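One chain, chain A, appears in both complexes that follow, with chain B as partner in the first and chain C in the second.
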Partner chain A sequence: MVANRLRSTARWLLSAAALMALGGGVVLAQSKPVTITFAEAMSSGTQKPTLDELVQAFEKANPNIHVQLLVQPNYGTLYTKTLAMVAAGTPPTMAQAYEGWAQRYADSKAIVPLGSYIYGPHGLSTSELSSLWPPLIADMKLTDGKFWMMPFNKSDFVVFYNASWLAKNNLSVPTTWTQFAKVAEQVTSTANKTWGLSIDPGSKTGPANGTYMFVAMLHAFGGHVMQGDKVAWDSDAGVKALTLLANLVAQGAVKIGTNYPGQTALGAERSPFDVSTIAGYPYEVAAVGGKFDLKVAPMPAGPAGPGNVLQGTNLVMFAKATTAQRDAAWALMKFLIQPAQTALWAEKTGYLPVTRDALPLMSDYLKTHPYQQIAAQSLANAQPTPSLPHSEEMFGYLSVAMQQVFLNHADPKTALTQAAQQAQALVGAP
Partner chain B sequence: MTWRRILSRALAALVVAALFAFPFYWVVATSLNSESQALAYPPVFLPHFVWANYVRAWVGAPWIRYFLNTILIASATTSLVLLTSILAGYAFGGMRWPGRRLLFGVVLSILLIPVTVLIVPDYILLHDLHWLNTYQAQIVPWGASVFGIFLLRQFFAALPIEYWEAAQLDGAGRFWFLWRVAVPMAVPVLITIAVYIFLGSWNSFLWPFIMTQTPNVQPVEVGLATFLGTNGTDWTGLSAAVVFTTLPVMLLFLVAQRQFVSGISGGGLKE
Partner chain C sequence: MPKAGRKVMNAVTAYLYISPAMLIFGVFILLPTLFVVYISVYRWNFLNASTSAYVGLANYRHLLTSSAFWSSLWVTLYFVVLTVPSGVLLSLGIAALLMANFPGRGLTRLGVFAPYATPLVATTIIWIWMFNPQFGLLNNILHAVGLPTPGWLQSPHWAMPSVSVYTLWHSIGFDVIIFMAGLATVPRDLVEAASIEGANAWQRFWRVVWPLISPTTLFVVVISTIEALKAFTQFFTMTAGGPLGATTTTSYLLYEYAFVFYRTGEAAALTVVYFLITAAIALLQFRLSRGRVFYG
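Showing the complex of A and B:
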């Protein structure tokens, strides 16, 4: 195990050294010192020290570039602060952004398209571009079909489960939502104070993990968030998916909470499952603390097959930056997607490696941590969230619909239709 | 007083004390347990002395700086609020002038505007003043409190006019009367406002996070927020940080408790 880790570390170091020695298309010949600001929300756990480590490596390889990290505690604050900075005319050089935020920035001409950088003299080679996972390439574009973003901390949904519990009770890992519901019902016991799963459906101002888990279910049931310009989550598929969840809530097999309740319930051995993004892996491991065998499975499939949602943010570059700052920001964006860097990022944080070329560097790690392979394979079924300027608010209405169904026993069809109408009013008539 | 009565009172006091002390004990216990023990069910009530949580939390941020910043910001904000509340409260409650009711209504209406709505315009204003990432950005905009003005306005309005008339006979002006007579009588109200504002300033999070950028001017709450990540929460690290940032304030309160209580009751006796 230790030998594997050493081998893996040595491989990164060699790759990084090779990159620095050869330039690797990353080291930028800045004649004058330049400082760039990077607004991000990688503030806790292993994310902060890993990003610090990567930025230090970048600065070492590019001595004339200084990167100032503007760390925010969460995405909500990051968005508010970035909006305020843009409004004041002092945006950061680059920032993490969800697709919807990027659309809003692009609409107000606050960010620049990245096509000229991607295909420019210091751009990505054909093999580098094709090594990016296909859903991530689609996710780099906005509604105009142009590249506006570079992938950074990407993830998708998986099922974390207590393998010891399932084995002890002779239960199989569910591969469909119907099976999942059955197992969740089987493990639910008032006497033992156990249930299947805890989720956070979010609120009007803050859609949460549970909201996007439902979107993954929606895809698995054959539904869509948008069909063309029309909000379409109130389709039959959406109603069936929400009804399945509502029945589980009514039976006590799914409980509602806040602040990653699934992690807490799984760690406390109250539930055998947590449905969350793969980026939560280090937190799940900490919550479990070796008490049982924690394993990862792909998301259950629905009548339309497997369904998943691409999660995490991309990087955008702001228009106010000088040419030298933009060049430096591009160099950092490119540095972060190099196989060595994205492999390090993935192994330490739980996020996905954004390029397929990183997987050979992670071979030893993947043997002992197959969860990354499962999450990477699940990308094939992961759909990006729509890049609409008000997508956060849109999903907020979906959160409200879920709460109304779970807590007020509202009819799923009525609640979803009402939420769809409210969301449609935000995005405009179809 | 019978033994039974003494015993029942002591028992009741113990129960109330335990109710208040338990949340803090729970934070201390969580800070000394592993993450899995912190999330265990049935709960692990006894600490297992995992000191690594404290080491991890301590090295994660410049806590002493955060702490000193918080004391400076909270103290300066509280002092400023007391000053502005006394002046405005007396003007609205202790003086008669045309339009005072209307203007007081306007002041009260500020309560209807949520702070979050004003964040972006306020950010632009502070940017134009070159106040971003400064102490004054966290003090001056909060230097007047509608709550403080309201409380003191009510107090000064209820003060018998005879006090002012008597002071006038002795040749006192408005300011002399305010500082030498009215304010000493208002000490209990002032302490209420001070505690309310100090706690509010101590706990403020969104404003300093948006308006500041570097730890050399940021308060403790900003440091604590870093334990609430985008994919989970570091409960044990957060608890450890809460313990060592709260402990100095608790000790200060315990040491100054006698003066604090006598300040309230002393002020009350002068009424």
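Showing the complex of A and C:
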């Protein structure tokens, strides 16, 4: 295993060195030193040292570019501080941003579109662009159809499960939502205080994983969040998906909680499943603490096939930056999506490689970390979150609809329709 | 120097003395307040003020016709009703008990006051775990004795009482200290005189002690009401305004508008309206207390 790890490390180091030698990611020869600021929230676990390492490699390959990382403790703080910086007229050169944030920045003319960089003289080659996972390419665009973002720390949903529990009870890993519901019912016992899954839909102000898990189910059942300009989660597919969940809640097979309840219940051996993003793998491992065999499976499929939701942020470039700063920021954005860099990022942080070309570089790593392969391949089925300035608030309404169904036993169709109407009022709102 | 000139000089000197305080008050209190009133009549884009548009009283109209606003007022009122009367009565009772001499009185006083000195965020996290329906201490105890186990913070019915219990636990120490200070000022000879006249314990309290501590009681009621009206942290950390808006107080709604949904103009309008409501309630409390509060 150590030999494999060494071979893998040597492989990406060689690739990185080759890229640097060829100028991979270095898009221009900066004649004068330039400093760029990068507001980001990669502060926990291995994220910070890995980003530091990548930035150092970039600076080494681009001696005239200095990158100042403005590290924030979490996404909420990152957004608040970035907004404050924009409002004060001193935005960073580039920053991590969710799709909705980027739309808000774009509407306020605070960021610039990236099309001229992507297709410019120092842009992405056709093979580089086509190597990006297709949903990520769609995710780089805002509602005007233009490229405004570059992918960075991306993830998607998987099922974490207690393999020891399932094996002991002769239960199979569910591959469809119907099977999932059946297993969840089978493991539910009031006497043993066990149940299938815990989810947190979040709140109106902060839709959480449970809401996005439902969106993944919606896709698997053949539904969509938006169809054109219309909020469409109240389709038959949405009603069927929510009804399935509501029945499980009513039977006690799915419980509602807060603060990553699925992780807690899985770790405490009360539930065999947790549905979360692959970026949460280290936290699941910590919760389990080696008590049992933790494994990862793809999200169950629905009548329309597999369904998943793209998670994580992209990178945006701010309009106030000078031309030299923008060129340097683009160089860094391009550098970070190169196969060697994104492979290193994925291996060390648990996020997914944003290009398919990174997978061969990770072959040894994937043998020992098969969950990454499962999650990476699931990206093909992942749909991006709609890039609307009020998307957080819209999903907040969906979160409330789920709570109305689970806690107040509201009719799924009525609750979803009401939430869709409330969300629709925000589409196109300033 | 002529008398008029001296008068002007005195006035100038006086204003110079208070100018640092006036400057701080103006820059950090008055101007931001006026600015809030100003932006409340705009659809304000704080990221690019040049794209803001004047909308007159539209933000106020939208606010006063929105169910979210009226619901938040009811939720706030519910929180005030749950925490203020019970908080005042409990703290007065505890203060009266802590005025008596008993072994370990100092430690007990410390125990009562200690929660007030603890950080809200840290202690709410502990209480969130205590209220956890599946793993929490409370439901484990209830389950052990065969009682039903509510969802506490995850239940629309129990969420507000749960937050109120936490709030009382955290804030009661302050009110107890204030009441103890008030009780300490009650002349002993008056109570003793009443006792000699044959007044029982309740009569001594109701006829002698209570009127004498009425200014303290008014202070505690006003401060507790204002604190309840602007309570935010416990709602932010414990329930995020949920479930189903059951704990979306007006303070929390203001946070939603301003810092989650970034509807700055509407948030400013809500601030102005809520300021007027809070001021009116405080004024009403003072008016109602006239003739019932004795300042000696």
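Just so we're on the same page, the second predicted complex is superposed on the first by the 424 of 430 C-alpha atoms of A that agree within 3 Å, B and C clash if a C-alpha of one lies under 4 Å from a C-alpha of the other, contacts with A are read in each partner's own complex, and residues count from 1 in each chain.
Criterion: a contact is a pair of C-beta atoms (placed from the backbone, for glycine too) under 8 Å apart; a residue touches a chain by one contact, two chains touch by 3 or more.
Only a predicted model underlies this, so the values are computations on that prediction, with no experimental measurement involved.
Applying the stated contact rule after C-alpha superposition, one finds that A:73 touches chain B and leaves chain C untouched. Within the superposed three-chain model, A:147 lies out of touch with both chain B and chain C [touch as defined at top]. Once chain A of one complex is fitted onto chain A of the other, the partner contacts of A:268 extend to both chain B and chain C.
Once the two complexes are overlaid on the shared chain, A:47 sits against chain B while remaining clear of chain C.
By the touch criterion defined above, A:291 reaches chain B but does not reach chain C. In the superposed model, A:81 lies in contact with chain B only, and not with chain C. In the superposed pair of complexes, A:390 makes contact with chain C only, with no contact to chain B. After overlaying the two complexes on the shared chain, residue contacts for A:259 are found with chain B and with chain C alike. Once the two complexes are laid over each other on the shared chain, residue contacts for A:283 go to chain B alone; chain C is not touched.
Of the two partners chain B and chain C, it is B that touches the larger number of chain A residues.
Of the residues of chain A, those at positions 80, 83, 87, 193, 259, 264, 268, 270 touch chain B in one of the two structures and chain C in the other.
Note for the complex: chain B touches chain A at residues 34-37, 39-41, 60, 119-120, 123-124, 127-128, 206, 209-210, 213, 222, 225-234. Within the complex, the chain A residues that touch chain C are 80, 83, 86-87, 104-105, 108-110, 193, 198, 202-206, 255-259, 261, 264-265, 268, 270, 390, 392-393, 400, 403-404, 407-408, 430.
Residue ranges of chain A in contact with chain B, taken from their complex: 41-45, 47-48, 70-75, 77, 80-81, 83-85, 87-90, 193, 259-260, 263-264, 267-270, 276-277, 279-280, 282-284, 286-291, 350. Per the touch definition, chain C reaches chain A in the complex via residues 43, 45-48, 51, 128, 132-135, 151, 153-156, 239-245, 248, 255-256, 259-262.
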